[in-house]
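The two complexes that follow have chain A in common; it is paired with chain B in the first and with chain C in the second.
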Partner chain A sequence: MSSPSPSPDLSKQPLRLGPESQGWIRFCIIAAVVGVLSAVAHLFLAVDGDKRFFLAYVVAYGFILSLSLGGLFFVMIQHLSRAGWSVVVRRPAELLAANMPVVALLFLPIAVSVAMGGGEIYPWAQPDSAAVEYAEEGTFRESLAGVEHLYLHQVLDGLTMEKRPYLNRPFFLLRWALFLALWMWMAHWFLKHSTLQDETGDHQLTVKQETWAGLLLLIYALTVSFGAWDLLMSVNPHWFSTIFGVYYFTGAVAGTLAVMILLLKFLQGRGYLNEVVTVEHYHDLGKFLFAFVFFWGYIAFSQYMLIWYAALPETTGWFTNRGATAVREEMNGWLWIAILLVVGHFVIPFVGLMSRHVKRNGGGLVFWAGWVLVFHWLDIYWVVMPEMGPAVVLGPMEIGLAVALSAVFAIGLIRRASKVNLVPTHDPRLADSIAFENL
Partner chain B sequence: MQDAASHPTPHGQATAATEQASAAPFAMLAEFADVTSVVNAARKTREQGYVHFDVHSPLPIHGIDRAVGIRPTILPWLTLAGGLAGFFGGLFLVWWMNATMFSGVTTSLQGYPYLISGKPIFSLQANIPIIFETTILLAAFATVFGMFALNRLPMLYHPLFKSSRFSRVTSDRFFLVIEADDPKYDSRWTREFLEKLDPLSIEEVDD
Partner chain C sequence: MATLNPGITIPRDTAAPGGREPDNSSDDPRGRAPLVLGDNDFSSVTDKVTAIALKPMNQTPKAWYVAFAISLAMLSLLGVTVAYLLTTGVGVWGNNNRVAWGFDIINFVFWVGIGHAGTLISAILFLFRQNWRTSINRFAEAMTIFAVTCAGIYPALHIGRVWLAYWMLPYFNQMGMWPQARSPLLWDVFAVTTYATVSALFWYVGMVPDLATFRDRAKNRIGKLIYGLAALGWNGSSRHWMRFERAYLLLAALATPLVLSVHSVVSFDFAISQLPGWHTTIFPPYFVAGAVFGGFAMVITLAIPARQFFGLKDMITIRHLENMAKIMLGTGLIVAFAYVSEFFVAWYSGHHFEQFVFANRVVGPYAWAFGVMFFCNVIAPQALWFKAMRTNIWVLLAVAMCVNVGMWFERFVIIVTSLHRDFLPANWTMYAPTWVDMGMLIGSFGLFFTMFLLFCRFLPMVAMAEVKTVMPQSHVEHHGDYAGDYHGDYGQTDDESANDKEDQP
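This part shows the complex of A and B:
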């Protein structure tokens, strides 16, 4: 039962990344340096200051974190459902998840901003001494003209102080230490068992992963939900939405599936995994992508509709800051990004990915994967950056940091990937997966 | 398929009398013991130029579509049509019922504008869930009933039920069935061709 028996299809081709991956790393280093330089140049040349740098950093961070978390979800759900089709595409997801230590390291600037108490990212991170007294707050409110009252949450006012037991610096840092540790441990656990099986061929390792996937998925659901509230929702401490964790999760999985499709196509273009990953696997990844594009739209609308219906000032303010309002005087440029998201993150890829022929056509699927990935970034951008104010800000800062963090993420990914096989070579369902066909 | 109406009995015994009247063959059956041989037989039948033939199997066979040369189904288009009908039908429904008040319409068909928590009478935000549900409902109906219609279901009788061998198709036997209305069908030549495929048995079933 546990005797390793390599499949004949696998013996014909490279199972590990060759020395050419060093060239990819060099490319990523250059991209990271260019990205950081453009962001730093922007930081010194523009007048926006630290706040914009840190918010743009959170956008880029939310983006790369989502790719790791999405990979972890993909691995867990395949084990939970004992899926056979996905074995040949599971290793890239395991590697994306196991890249979590790089993501954890990149959390440091956010931790520093919170610990220093400047409140650049999170207004609640300011020390208690910065709190505005209620009477004072009233006069403050009166002194503001026009739409600026919408950004009152950026002062440490009474409403934010009410949330002190949760939104305080030590507890935030403690939570994130726990989240990152749990995510790193879970991702490491799955990759460790999977790569151990490459050597031993022990089927019990698969059984073990299937047994624990359910419980770990529960931990995953809770930590991702709380993590999304902490990282992205609390940039506006007045606002709350219990569905926000699911909103981030759906975008994360859609983005991850897009990255997996692009990674597999990239590797196949360079002679890896050919005849192992077939059009049937792309077809299924395409179905998954289609489903999560729709799921994102469904959740985004659910979040919006309830807030629209209840019309509570605490929760509508978040949408008003992001342009989504019917009050003409309070509309701003972010409305265009909001409309772009509805159309570009939902309507267009939903129609585009609907056909079976598109999902089975390599070029078509790559196009939509790239499309969804860009809009996934834009989604996080629209969640965070409107905290800068009513004017849309998009420049070398946002794009540079997104490129830089993605490049650092990619370097970690390539280094990790070059140490393991690109397919789980002794998975008991490997032969099923290679021979898999959609009915 | 007119037979479905004239032979309401599900199984063959009661139709012995009518069998005499219509002696025309319906199809030639070739029985196989395993997937590989039936798939090979199907491929050869297609290469031979037969078009009206089918494979019956107790389990789904990967790649049988290509072997038989089955054209892609139009069912997805029916689903899309149902979905679009549900979308626009639902949109019309909520607009008519929530936001219109036309003079001259009878009371039972009249719209009923109702102000809820100060929202506009016609607001997409509130209507999208209903439109979503009608879209899903009609898309699902179109898929299920479209599948029934394309498969000509419910079908209470089929000439193949006359063959006692064919009853094993739901447990352990695989059948290649060349129908008599195929332009190339000829009782003698088709039998000769099927014999070359080395089946367990060959049987001609009358209509």
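This part shows the complex of A and C:
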């Protein structure tokens, strides 16, 4: 047996966040307050009603949840493949994942909406007494705040009632309690072992994480897929797509990689992790980002093309509501968002991230990471918000809630990050990772 | 890559207890396990690989002749059945009015699927810097090309008038017979021919340095001439290596989307239709995962006997087999996940015909086929969760065989059970293959094995130049501090040094 590779000198720079992170937290608190205030102001000043508030909340929630889930995936896949290069960038991913308790707490408004049975987010959450035999497409209903456009699937009709064994309030809440508990536990488990290794240097901790990563990834795949069906697909209880979980997952990982790049650049700009995270690691993160941008495009194309080609009304309706239709009379404003997604979430970043030079150039990579992150949000927005009706809604409500939830997420992340090292200091592959080069 | 240092965890001369194989499957994170075992240096790797192909015909192992004779007999069955089919018509197949796609499309999808492992190993694992792929990529790529060849037979024959197959190509003509660009069957023509072309190119380009070694070592004139022509004047200069590595990287990047595209397009054949059981959005990634699953099963099926008979255990080690077992388990679980998704969403859709098709798969007249598929694809691979099972060659071979069978039955289940019971019970029927169907299935295996055996006998079965890059000797100059534990010979003593790469592409 040989001795482990020589330990790199980490003493020259801060391994933990300094007091300046309190300033970042203050900034995030202000952002959260401004976000909430603008959403609340919008809620009271506009006539869109609570439906819009809750749907916008689901968009913001789906966005921050995806960042935690993406972090968890990154950690698992690196352990599963026993990767060496990624050790120095793994801690940010572990922290993103371990921020799941904050995400779980933010689930409460959704749980309340479901439990109260108003059906603002999920039409199926209305009580059985609201069920009707027959409804007309495009009906309008008087709500407290004004007139609401109503799609056929938003009425609790016979088809939705057939899904009652799955789409009912207690079972949904039970499932989500289970999902969130599992995700919190898995993320905590990985961070716990990783930080324990910082203290003890025991390489068996790495072996243990690698051994269990496979089984945990299986649990992850099932929970994320069912979670995506529940959270985002069932806003339209008529629609179904087997690939939808994968669709959410690919966007989530692309968004997470973007966040990891931005976080690392942010920290390096403030004197952390320099000489540890190098251009080689950014290059590899950039390759992953490129791959997941492509993967998202592939999955999104597969979902759309198959439904468009078969043209069965039970599945095309979802796309029609979102403007993606070739029938001129049925087109609406969401078409522009759909086109923007194809171009902005796939075509442009695909071309932009292709070059080796861009991935190794700090500014270029930061630009594309920010770009992908914005479009990842827009993707979830386009999945959820068209449930409001054929007119595009984008205002202080959607943006305010996205900012507020992201800020709360960031506060949790900074607080968690300030308690641990920013690099797994005693990972057995740390030296390999620091010395890593793309040839 | 260069920063990984293979060969520091386990002494390379590990004497295995009880005459068992040396075990390099250790996952100690403090080092990287060696990928080439035994007392090998660069020249012995060259010696072992060239000896397989360059020994005189009368020294060929008898087992090779026996296997070749059996394969040739099976191949002649293909000739007989195809001749009978061409002179009689596709009516000799078991396809009927309702089940218009039978063995022909099942076998087509099966063989195209097999072909995925090669490109995955050579392109995707290359981009992921999986060094262990170097020992297996060459014959996996060969397997890919042969499998795609076998696949191509079926749709070509199914069109009925084979002599008009060229109508599918968009050539200029005065008859106005343009291909139907809206049909996924036509997309298949392009997807599969592109795939075959790029795979063959990738295989050949990667082989050029090794062919040059064969040229230099060949004893007889014919061998010198043929290997010499194929080596394209390779002389091993650093300029050649630089261009070679750039070309290889570009081909890998081009081949990667092809791994996804081919089976995605094959899945479109089914998924664009309105048929319950076929029309489901998860088909593209699910088909790709299934193809890799089945492809790795076939790689394992071929690797285990090949390393045994050709003495390649030092290069295709337990670790290589274990890694392949892990990929097989992983992709198998993706397939199982897709089954779960399909069944759940069939119920969730509230679509009664969809629900019927899935119920019919499990309890209908083809329940036995579903049972075989489920056991082979979902239950059997679960053994591979355990290291003791993954490193046991017999268990691994048995699971790989199960998966080969299971993935064939998966296509049978998808195609036949979805077709045989229509929306109208008056149209319900059963499907049974005829002797011609069976003969062509067996015959395609004959074609596959014949080509594979010829490849093993006459071409470099292991990518020598690439294997050398993952040996510790390649890393000595860059990482002198790791060399302390290495007990072997650092020097290149043979005249092949020109062909030894300094580093990985």
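Annotations
Here is the rule we go by: the second predicted complex is superposed on the first by the 414 of 439 C-alpha atoms of A that agree within 3 Å, B and C clash if a C-alpha of one lies under 4 Å from a C-alpha of the other, contacts with A are read in each partner's own complex, and residues count from 1 in each chain.
As a working rule, a residue touches a chain if its C-beta (ideal position, glycine included) is under 8 Å from a C-beta of that chain, and two chains touch if they have at least 3 such contacts.
A quick note: this is a predicted structure, and the numbers were derived from the prediction, not measured.
In the model built by aligning both structures on chain A, chain B clashes with chain C.
Of the two partner chains, chain B and chain C are each touched by A:437. After overlaying the two complexes on the shared chain, residue contacts for A:356 are found with chain B alone; chain C is out of touch.
In the superposition on chain A, contact of A:242 is made with chain C only, not with chain B. Judged by the touch definition given at the top, the superposed model places A:200 against neither chain B nor chain C. Of the two partner chains placed by the overlay, neither chain B nor chain C lies in contact with A:13.
With both structures placed on the common chain, the touch criterion links A:309 to chain B and to chain C.
Judged by the touch definition given at the top, the superposed model places A:22 against neither chain B nor chain C. By the touch criterion defined above, A:218 lies against chain C but remains apart from chain B after alignment on the C-alpha atoms of chain A.
Between chain B and chain C, it is C that contacts the larger number of residues in chain A. Between chain C and chain B, the overlap after aligning on chain A sits in one stretch of 3-11, 129-137, 435-443 or 489-497, namely 489-497. Chain A uses residues 305, 309, 311, 435, 437, 439 to touch chain B in one structure and chain C in the other. Taken together, the chain A residues at the contact with chain C in this complex read 1-2, 4-6, 81-82, 84-85, 159, 162-163, 166, 203, 206-207, 210, 214-215, 218, 221-222, 225, 229, 238, 240-246, 287, 294, 298-299, 302-303, 305-307, 309-312, 314, 427-429, 432, 435-439.
Residues 60, 62-63, 76, 80, 117-119, 125-126, 128-129 of chain B are the ones touching chain A in the complex.
Against chain A, in their complex, chain C makes its touches with residues 1-5, 8-9, 27-31, 127-129, 257, 260, 264, 268, 271-274, 279-285, 329-330, 333-334, 337-338, 340-342, 345, 348-351, 385, 481-482, 484-485, 503-505.
Note for the complex: chain A touches chain B at residues 301, 304-305, 308-309, 311, 354-356, 435, 437, 439.
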